[in-house]
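The data blocks that follow each hold one structure.
Shared chain: subunit A. Partners: subunit B in the first complex, subunit C in the second.
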Partner chain A sequence: MAGYVVRRLFGMIPMLFAITVFVFFMMHMAPGNAIEAMINPRIKDIAALKHQLEVQNGLNLPLPVQYWRWLVNVLHGNFGWSFGQHEPVIELLGPAMYNTLILAVLAEAFILLLGIPIGIWQARRPYSKLDYTVSTVSFVLFSVPFFVFAVFLIYFFAIRWPVFPAQNATGTGPLAGTLLDHVWHALLPAISIALTAHTVYSRYTRGAMLDVARQDYVRTARAKGIREPVIYRKHVFRNARIPLVTQLGFDLGGLLGGAVITEGLFSYQGMGYVTITAVSQRDYPVIMATTLIFAVCVLLGNLVADILNAVVDPRIRYQ
Partner chain B sequence: MVMSTPPVEALAANQSAARGRVSKSPFQLALGRFMRHRMAVASVLVLALIVLVSLCAPWLTHWDPSRQDLNSVSLPPSAAHWLGTDANGIDYFARDVYGGRIDLLIGFTDTLLVMAISIVLGGLAGYYGGWVDAVIMRVCDFMFNFPFILLIIVLESIINTSSVWLLIAVIGFTAWPSTTRMIRSLFLSLRESEFVLAARTSGAGAWRIIFRHLLPASLGPIVVNATLQMANLIGAEAALAVIGFGVKSTTPSWGNVLNSSLDYFTLSTEPWAWVPPALLITVTILCINFIGDGLRDAFDPAFDK
Partner chain C sequence: MSEAVLSVRNLRTYFMYKDAEVHAVDGVDLDVRAGEIVCLVGESGCGKSMTSLSIMRLVPQPAGRIVSGKILLDGVDLLRLSEDEMTDVRGNQISMIFQEPMTALNPVLTVGDQITEVLLRHRRMRKREAWQRAVEMLEFVGVARAAQIVHEYPHQLSGGMRQRVMIAMAMVCEPKLLIADEPTTALDVTIQAQVLDLMRKMRDDFGTALILITHDLGVVAEMADRVVVMYAGQVVESTDADTLFEEPSHPYTRGLLRSIPSLSDDTETLYSIPGTVPDAAAFPEGCRFADRCPLAQPECLATAPVLREVRPGHWVRCHFADKGSVSV
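What follows is the complex of A and B.
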């Protein structure tokens, strides 16, 4: 298992290389750069200043050289300096990752706590009126775009009855609030994500449980006189959770990279929000760092999915 | 002779009855299955209404959805402005009605684009296998490891999209991997079947087998996938617009209308500004998803009870 994990980790390197090369060259192919976005166009002698700043930041070098310098710096743990926020990228991203981690964990917790029990509940009474009703409601919830939920949640729970803060998750600086305060700000965005995303789990859970419930060993368990709740808990659900675990890995990878739209809507200062700001400021070092972190999250998410698969399904063994 | 007549007649009647059932074409059977999905049928009607309203926008309102009128800003609903006006004096009803054109255009065109790319790439990967498959699947993996929305935002900032067609291209060229994978796996399983072997032994080339044999055989799942893809793409476009990365903010689209009313004042005091576009996006996506569900039933012969 350990050998397998190490091999998978090394296997990520070519993919990360390809992604960073792609983003780096695409970004620099566009007209204009961070310097232009930064300096006041009415400054006297703008061309000379621009040239001086470009030389200082190495933006006049050939692109491959620039990429090489970026890569060497990143391997030394230096993600560069944010042109837009005027601070080291790492200090900008640290708190943003912390916020995104809180949002991701909270959202995933809501998704699982809603989706799986609903799926189990449906699987206990399949093809009944209640089952069909819940399925239809899930289908509708699945179709509602999460940003629509977000807007309505903001309207009802932040404006109409101002229970939750609508915006401005506690700043990302060292003076930011306590963990509880962060969680408080993440609640509404997390709910808006979970309201649509949980339906994937309820559907998977229901389907997988019904598949497993047809198996011979379930009939055997029933014939032995084991009580229904125990059959469902110990025999059916234990095997039905295998496909769920795969989905969990994908989800975590995606959520950790930052729920871009949700964070933008709630001005929630996580990775997604930082990325949006960086894109509008053409803040290359930040965009490169967030892209890299996102790709790592997705790849790690896939790896976690495979590992969890082996944990819940003893038939799967990695050599 | 006389004795045997009734059974024969009964048999004949029986046969003609059976033939009456059998003589339904596959299309008619599929249509019947679709019609039994009540929500799907209702969705077709609702969606047709939405499409019709967006197409007939100029006849439904005389207001220009992009002309500002600073003499009448932030008006509440009235007989002249059914849904009031925004902060620039543009009629909300006109923005909503015209907005559907952009959303539906992007959804429809991008679906076609994604399906075209996916059928070619997925078809080649599934038909040839081997290194062709390996290369195409690596590109898919590569695309999957980008966040879809993030990739669009980065691409947009790079090529500075302000035109609808550039946005369509950007969305289209980022959204194809999942469908490509699905078509590849369909073709992978179908290419081992007898009818493909028969086509190959009678000398059919790769393109002919892909487009004339494999594609029609997997039409059902592809059409269902395209429908669901369209719902996704409309949602993605609106989501981008909502955070300000969609079409130009002066172009009326549902996402843009929603985006422009996302301030405390508008949200709290002018529900007529943001509720209609939010509902229009939701209803459109819901209808398309229901139609997809109905098509899934229609293409599934086992669904006939």
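What follows is the complex of A and C.
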């Protein structure tokens, strides 16, 4: 297994290279640049200043050279300076990654804690009125654009009854900056994500459970006198969870990249928030860093999916 | 002869659909005595599997339903038990093994987990004790390296091994009755013989009665004390194995026997009974075999024959079973 993981990690390198090259060139092909976004348009000798800044930041060099410089720096652990925020990219992204990690873990926990039990509950009474009702509600929740929930939650739980904070990833006061404080700020955004996203899992769980419930070995378990709750908990669910953990790995990778719209609505300073700000300012070093981090998260998510798969399915072994 | 462990009376199991009612089992009577091996034979679709699943009360849901009859296990009607009481019977007093050893074991649970589960469900036993018993049982069914195999998963075993595990699992609570639905069909010939031997050993050592469902009349000849022939959801002939092979009385049984390939026979093509089984959603009024029967008379199309005892212990569902020597 360890050997397999190491090989997979090495296998990511060409992918990451390709992704960063692609994003780098796309980014520079878009009209406008960081310097234009930075300088005050009323300054007199714009052209001269612009040229000076471009030379300072190496933006006048040919693109391949620029990419090469970026790559060498990154390999030395240097992600450069943010044009927009005037601080090292690392210092900007460090807290953002932490915030997003908390939001992602919390959201995924809510998604699983809601989605899986609902799916199992439905699979125990398939094609019944209750099952159809829950499926319909799930479908409606899934169809509603998810920022609607964010707006709704902010209005009710942060403005009307100000229980939760509606903004920022940390607060003030004695607890400021503690894990508890972070979690407290991530609650509403996490719930707003989970309200939509859990329906994917309930549908998926229901389907997987019903698929497994038809299998011969479930009949064998019944023929042994095993009681229904145990049949579902043990014989059915332990098989049905195999496709679910795969999905979980993929999702975690995506969530760790940041939830752009949700973070924006809650002014939650996570990766998504930072990325959007960076894109609007053409903050190249930040865009490249978030791209790289996002790509790594997705690839690691895939790897985690495969590892989890082997954990829950004894038929899968990696050498 | 000893008392019957299992008596099935007038069992009817139907599948209810909006546009059809499939009479999979349509008035089956069946007796199995303690320690007896009864073979259940008949063409595909005649209701053998549904009869056995009905005895287990495991008819496919939601369409399948046992609509009438009695299933007496040592005098207790299983059809009157609550679902919860029935789970105490399954795996404990009656066990069942299925045709496909590849799919009948749970792929994500160890062999030991699947065997001990039965013991922990039906016997007051500690985990350690149950695992020890599982190892003994595996050794008993001829699994080498049993102490290691308990920790392995089904995909690590061959088909024959899996069927042995199935047998160990089914027998671990020493049930009164074991139902085996084509347990050897999916195995190759040498393994088949070993598994059959093993089942006979189970009968000999535990006194378990066995209902063996099979297509293979060779298996019947080798294993059966008594044979029950089914056709179109009903029993058409029931007798001891010797009588069945020497004096088959139902024209359908004779047809089945004629279709055995024999080594001495020179004929290239195999005999098969002409025609096809009637649709279980629309059985005819009269004898269900009439349109394929070489002896059919007008009477056969008009009235359905009942299962009659033509000689002591020999039951036949045919108007002409005891009317002189009819031959096909």
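A few comments on the model shown:
We take it that the second predicted complex is superposed on the first by the 309 of 319 C-alpha atoms of A that agree within 3 Å, B and C clash if a C-alpha of one lies under 4 Å from a C-alpha of the other, contacts with A are read in each partner's own complex, and residues count from 1 in each chain.
As a convention for this text, a residue touches a chain if its C-beta (ideal position, glycine included) is under 8 Å from a C-beta of that chain, and two chains touch if they have at least 3 such contacts.
Everything numeric in this text was worked out from a predicted model, so none of it was measured.
Overlay on subunit A: subunit B and subunit C fit together in the combined arrangement.
In the superposition on chain A, contact of A:Leu101 is made with neither subunit B nor subunit C.
For subunit A, the partner with contacts to more residues, out of subunit B and subunit C, is B.
When the two complexes are overlaid on their common chain A, residue A:Arg315 makes contact with subunit C while staying clear of subunit B.
In the superposed model, A:Leu49 makes contact with neither subunit B nor subunit C. In the superposition on chain A, no contact is made by A:Leu292 with either subunit B or subunit C.
Touch criterion met: A:Thr220 reaches subunit C, while subunit B stays clear of it.
Of the two partner chains placed by superposition, only subunit B is touched by A:Leu265; subunit C is not.
By the touch criterion defined above, A:Ile90 lies against neither subunit B nor subunit C after alignment on the C-alpha atoms of chain A. Across the superposed structures, the minimum distance from subunit B to subunit C, using CA atoms, reads 8 Å. Common to the subunit B and subunit C interfaces on subunit A is no residue.
Residues of subunit A that touch subunit B in their complex: 15, 18-19, 22-23, 26-27, 29-31, 136, 139-140, 142-148, 151-152, 154-155, 159-160, 166, 254, 257-258, 260-261, 264-265, 272, 275-276, 279-280, 282, 287, 290-291, 294-295, 298-299.
Residue ranges on subunit A touching subunit C, taken from their complex, read 215-217, 219-227, 234-235, 238-239, 242, 312-315. Residue ranges of subunit C in contact with subunit A, taken from their complex: 56, 58, 84, 87-92, 95-96, 98, 100, 103-109, 117-118, 121-122, 153, 155, 166, 169-170.
Within the complex formed with subunit A, the residues of subunit B that make contact are 39, 141-142, 144-147, 149-150, 153-155, 157-160, 231, 235, 238-240, 242-245, 258, 262, 264, 267-268, 271, 274, 278, 281-282, 285-286, 289-290, 293.
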